[in-house]
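Below you'll find a set of structures to go through.
Each of the next two complexes has chain A plus one other chain: chain B in the first, chain C in the second.
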Partner chain A sequence: MKKFLNGPWVLLLPTLIILTCVVLLPLLISLWTSFTPFKLTKPDTLYRFVGFRNYERLIGDIDFWIAFGRTVLFLAIALNLELVFGLGIALLINKITYGQRTLRTLMMFPMMFSPILVGFQWKYIFNDNIGLLNNFLREFGVIQPIPWLVDGVLANISIMAAEIWSSTSVFAILLLAGLLGIPKDPLEAARVDGCNSWQVFKNITLPFLMPFVFIAMTIRSLDVARAYDIVQMMTGGGPAKRTELLWTLISRTGYVDAKMGMANAMSYISIFLSIAFTFFFFYKLMQSRQQLSYE
Partner chain B sequence: MLRLFLSLILAVSFFGSFSAKAETELWGDYSGVTLRVKLIGGGQYEGLYNEVIPWWEENTGGKIEIVTQKNHFELDKEIKKDIASGNLDFCVASNHTSFASQYGDIYTDLNSIMPASVLADYTPLILEHSTVNGRLVQMPRHSDVSNLYYQKSLYEDADNKANFKAEYGYDLTPPETWDQVKDQSIFFSNPPDFYGTQYVGKEEAIAGRFYELVIANGGALFDENYRPIFNSDAGVEALQWFIDLYNAKAVPEGVLNYLWDDTGLGFASGTIAMNLDWAGWAGFFNDPENSKVAGDIGLVRAPMGSGGLRTGWSGSHSFSMTESCPDKEAAASFLWALTSNKAQMIEARGGLSPTRPAIWDAIIAEKKAEGDEFMLMVFETFKMSLAEDAFTPPLIPEWIEFTNALYPELQAAILGDKSPEDALATASKKATEIMEDAGYF
Partner chain C sequence: MAQVELKNLSKKYGKVTAVQNMDLIIPHNQFLVLVGPSGCGKSTTLRMIAGLEEITGGEIFINDERVNDKDPKDRNVSMVFQNYALYPHMSVEENLGFSLKIAKVKSEEIEKRVNEAVSILGLEDLRSRKPSQLSGGQRQRVAMGRAIVRRPDAFLFDEPLSNLDAKLRTQMRTEIKKLHQKLKTTIIYVTHDQVEAMTLADRIIIMKDGYIEQIGSPIEVFSKPTNVFVATFIGSPPMNIFSAEIINSNNNIKIKLDDNLYFDCTEDQKNKLQNKKNIFLGIRAEDIMPVENNINTSFWSFKRNVDIVEPLGTETQLFITINDKEIISRMYNPYAVNVGDELTFQVDPSKVHFFDKETEKAII
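Then we have the complex of A and B:
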């Protein structure tokens, strides 16, 4: 006992207790509720075990799987576009010698808006009747209003535009930090050897930057659910479920329909999505680090 | 009960010219008592609190602590979370007849707390709608039903009259039926600058509008055992009405994302000919600072469906008292104050429909005396509509969940993703599952 009290476990104990209370217990409770018909308005249902009934229903629920697939597609497209735009912005700002600090501050402005506010402002921009975009297009002869938030493809693109506007700067900042950390010697040596800009970028800058890319991807793939507020404000997952993502579906099932047991079952299935994305990006991160150390 | 005393006085003492029958007052000495309350927020609702809370505090010595003030859908979510966590540490909350049955037995039965003389001041039918499983869990604040606002000048225009008669074969007058609304909407529409009408297009809002049209067409949502029966001729006809207007571009294309603010502001913008809306918008529509149609507004009772009935989806905003409230006498006094003659007169002056018969008489008399023809028309129309046309949605805990299953299917049919029959069949299947899970059959 004395050995235990003097050992490293004692030092770890506060952390373990906090992690258990803040992370493990809520996870276990929500896992339990996914095996119950728990309704928020009927607390007694928390103690009624129904086995895998919620999961069985979800497996046969086509609406859930369509939302699941749309969420994967949304994540894949939005994150990659954010990466491309973020990389472009970071490279441009890295080239600037005057006013870089001001531009870095300006670049962070979209991050300062709450997602709810971002949703409101983009809903207004894309409004078919009084929206800025349609009125702007009208000046160029597009008389018939474009139903940005109604058409299935356009509505998803509109939401993505809002999400990309809001979060590209996260990529840009992380990648800019990476760019600032690249040693100058290999870059100068490559130029002396006659490499053009593309060759320098492809063979030196990008490999150095890849660990930062995957760190940014991992952070954003876990953080992207913040876009729930944007989707909720702009379309609420509609019309006719055309923009339904897992986040809007789970939120409506859990808090409006009050079916928290079912919502948690949906969440646990979607956790696999997060784990898969995170695992993939960590795997790629390790690979790129190993490659850098070989070189 | 010592602190509680009842006194009968003439309500006229509150409002000068207001001559109504005597009201039972519920004052008491609640010095040292603080009531925690959760209230519906928004411009339309908060004026009442600014006047009634200081009035109650001054007369009782008690204090009101507003814990939450947010829109009703957010408040609903918060209260559901409170129920789940067992954290009902407030005394009074805003409620609604469409929502109340979800909350189980967290709210006190006011039959055993409110004196009969107090309850006698409210419209009996509204008290009935405020009752869940035989327990009166709400004190009604104001009632809602929708009627049809329209731009008068469109109907007075000689060219419009002649052209409409030539095209449709009958005179252009404010519509009496929903088929006429459709004809006239298509006639008036000139998209994208002007539309004949509009409708709320998502969530409970469109489900409620569909519901009232099904009833007006002679159908029903459920049979007596709560089996869904809206996949019927009346249901398809109701859904087809929404589809026809959308396809004819007689409503804005983004209408399926519209909620109440969008339709209200749309009509006020002057780009909509007819608008089915609640009484609370009347003052806004006729205010030149907010509305381009001020001074040009007509109002008729909601039109009839093919079943010969008028649409009349109705409900009442209300206040409830939690079972866990430690100061029920004080809370009862505050509930009374929030729904008293004084309180209802404040809201009636803003255009809201009172739940006390005495206030209807008082506000109509006041508007007559002021010569305010517009508001007089509003109150007389809504009074008749509430008396003769209004009906509530099924007062069951599953109402909101049911509407969440129904509305995406309505939207799918309106957008042409599904036929009305397919959409209603899918919605009916989902509704059956919900009612089965809830144990109705």
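Then we have the complex of A and C:
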């Protein structure tokens, strides 16, 4: 015991205490609830252990897996489009010699809005009656209003547009930082070595940028996997669950239906999604850094 | 095989002129060195030849073909950069073969040329290494290899040795010289180090503030500098420069260095100097020799106390003062000298350089 108190454990103790209170305990409690039929309206159900019943039900729950699949699809499409747009913006801004700082600041405007407000604004833009977009299209002779937020496919596209609008600048900023950090010499060497602009980009610029791409991907995959506010504001997961993502489903299950035990079981399954993406991108990040021999 | 020609070449950055109306022909197989202090326009000139810098005025021809509007990739020149500029994500082999891969050369041919470069530069054991696993000298060798495999019309070197330590620099200098003898190509080499310039060049161009100060063989620029700048830039230690006055009385011309230091000049110097009043006089340190006895009467001689003694082994540098100016003398076959000792120094008048005080140009 004496040895224990003198060892490095003593120095780690404050950290351990804080981590236990802030991370470990909530995790354990929520994990426990996922093994109970805990309903917010019936507090005593918290103490009834039902084993894996919640998980078993979820495995057979088609609505849950559709939301899960839609989230993965949403994530894949949104991240890739944001990468493409962000890279384009970063490359263009990198070319500018005058006013670069101002543009950099302007570009970050969408990030300064609360996602709730972004959702609200885009809901208004896409509204089929009074929305800006349909009004605009009417000028061009599209008489029949397009049901942007009602049609299953269109609603998903609309939400994605809002998501991409608000977050492409994350990619743009990170990739611009990457571009600014690329040494000039190898780029010039490649030009003298016979590369045209595309070949320079593909063979030299891109390998240098990859670590930044994966950092941005990691950050954004965590962000998008927990997408809630914009969807909740624009469609609320509807109509008829056509835009339901994991977290809108979980929050409805937990707070509307008050089935907190079930909601927590969903969360635990969906957390694996985030962990999987994070792991994947970190692995790629390490790989690309090793390529550049930073380690 | 390439001849590079610059016609009236200029480069301006806004109002700042980096290179001013440069005219130059670099014949095939010549090793040309551009040398000068920082900011003299030498690197800019090289980068314009490579196509990395836009040309403000004038023209560049490679093999009689105007290349002003050609991209770097279409000029068939290769460049070795100061910071090596290797591709960090590629192995040595991939770095060497990259330009050929881009040019869609067949893989057997790439392999053949890479092997050739590897054996010329002694990179056999490093083929699969990444640049970060190489030392400075090895990196520079890879950078040169990358230039060699392309078999370019001309090699451009941009201060390639300035990031290496002194010993390695000397070694690589020899390697570059050997390489030139082996490859027989035009080389344009930029440096700020006059020793590199002297040892490597067939022809040296000394630049300052965007202008060419002098063009010539290493021996020419050393023994016949056309102005004070070249005289002090080439040679180490730099040439001693004195302010002097020409005293012309009864057709007897004397050079006055100091109130009690007058020297006669030779017959042909008389012709040069008779119309001058104030001049600069230049004497190289090795031409101010301390002597013990056997004084040569046709030489200028004077006595001075030694201020500082710097023994270098094969020679000792002695610092003396003439007319409040610090002067360096080189003593070959040195013997022990103490600070404060009075020595007799001799100067061969035929080794003295004269420069106009206003234009700083050599008086010929």
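Everything that follows uses one rule, which is that the second predicted complex is superposed on the first by the 283 of 295 C-alpha atoms of A that agree within 3 Å, B and C clash if a C-alpha of one lies under 4 Å from a C-alpha of the other, contacts with A are read in each partner's own complex, and residues count from 1 in each chain.
Convention: a residue touches a chain if its C-beta (ideal position, glycine included) is under 8 Å from a C-beta of that chain, and two chains touch if they have at least 3 such contacts.
As the structure is a computational prediction, the values presented were derived from the model and not from experiment.
Overlay on chain A: chain B and chain C fit together in the combined arrangement.
Contacts of A:I271 after superposition on the shared chain: neither chain B nor chain C is touched. Angle at chain A (Cα centre) between the Cα centres of chain B and chain C in the superposed arrangement: 150°, in steps of 10. Of the two partner chains placed by the overlay, neither chain B nor chain C lies in contact with A:M286.
Of the two partner chains placed around the shared chain by superposition, chain B is the only one that A:R252 touches, whereas chain C remains out of contact. Of the two partner chains, chain B is the only one touched by A:I143; chain C is not.
By the touch criterion defined above, A:L92 lies against neither chain B nor chain C after alignment on the C-alpha atoms of chain A.
Of the two partner chains, neither chain B nor chain C is touched by A:V22.
Between chain B and chain C, more residues of chain A are touched by B. Contacts of A:R191 after superposition: chain C is touched, whereas chain B is not reached. When the shared chain is aligned, chain C comes close enough to touch A:Q199, but chain B does not.
Superposition on chain A leaves chain B and chain C with their closest Cα atoms 52 Å from each other.
Those residues of chain C that touch chain A in the complex are listed here as 50-52, 71-73, 77-79, 81, 83-89, 98-99, 102-103, 130-133, 146, 150, 156.
Taken in their complex, chain A has these residues touching chain C: 183, 185-186, 188-196, 199, 203-204, 207-208, 291-293. Within the complex formed with chain B, the residues of chain A that make contact are 37, 40-43, 123, 127-130, 143-145, 147-150, 235-236, 238-242, 252, 255-260.
The touching residues of chain B, counted against chain A in their complex, run 73, 76-77, 80-81, 83-84, 86, 102-104, 191-192, 201-203, 252-254, 256-257, 266, 269, 271, 397, 400-401, 404, 407-409, 411-412, 414-415, 417, 437.
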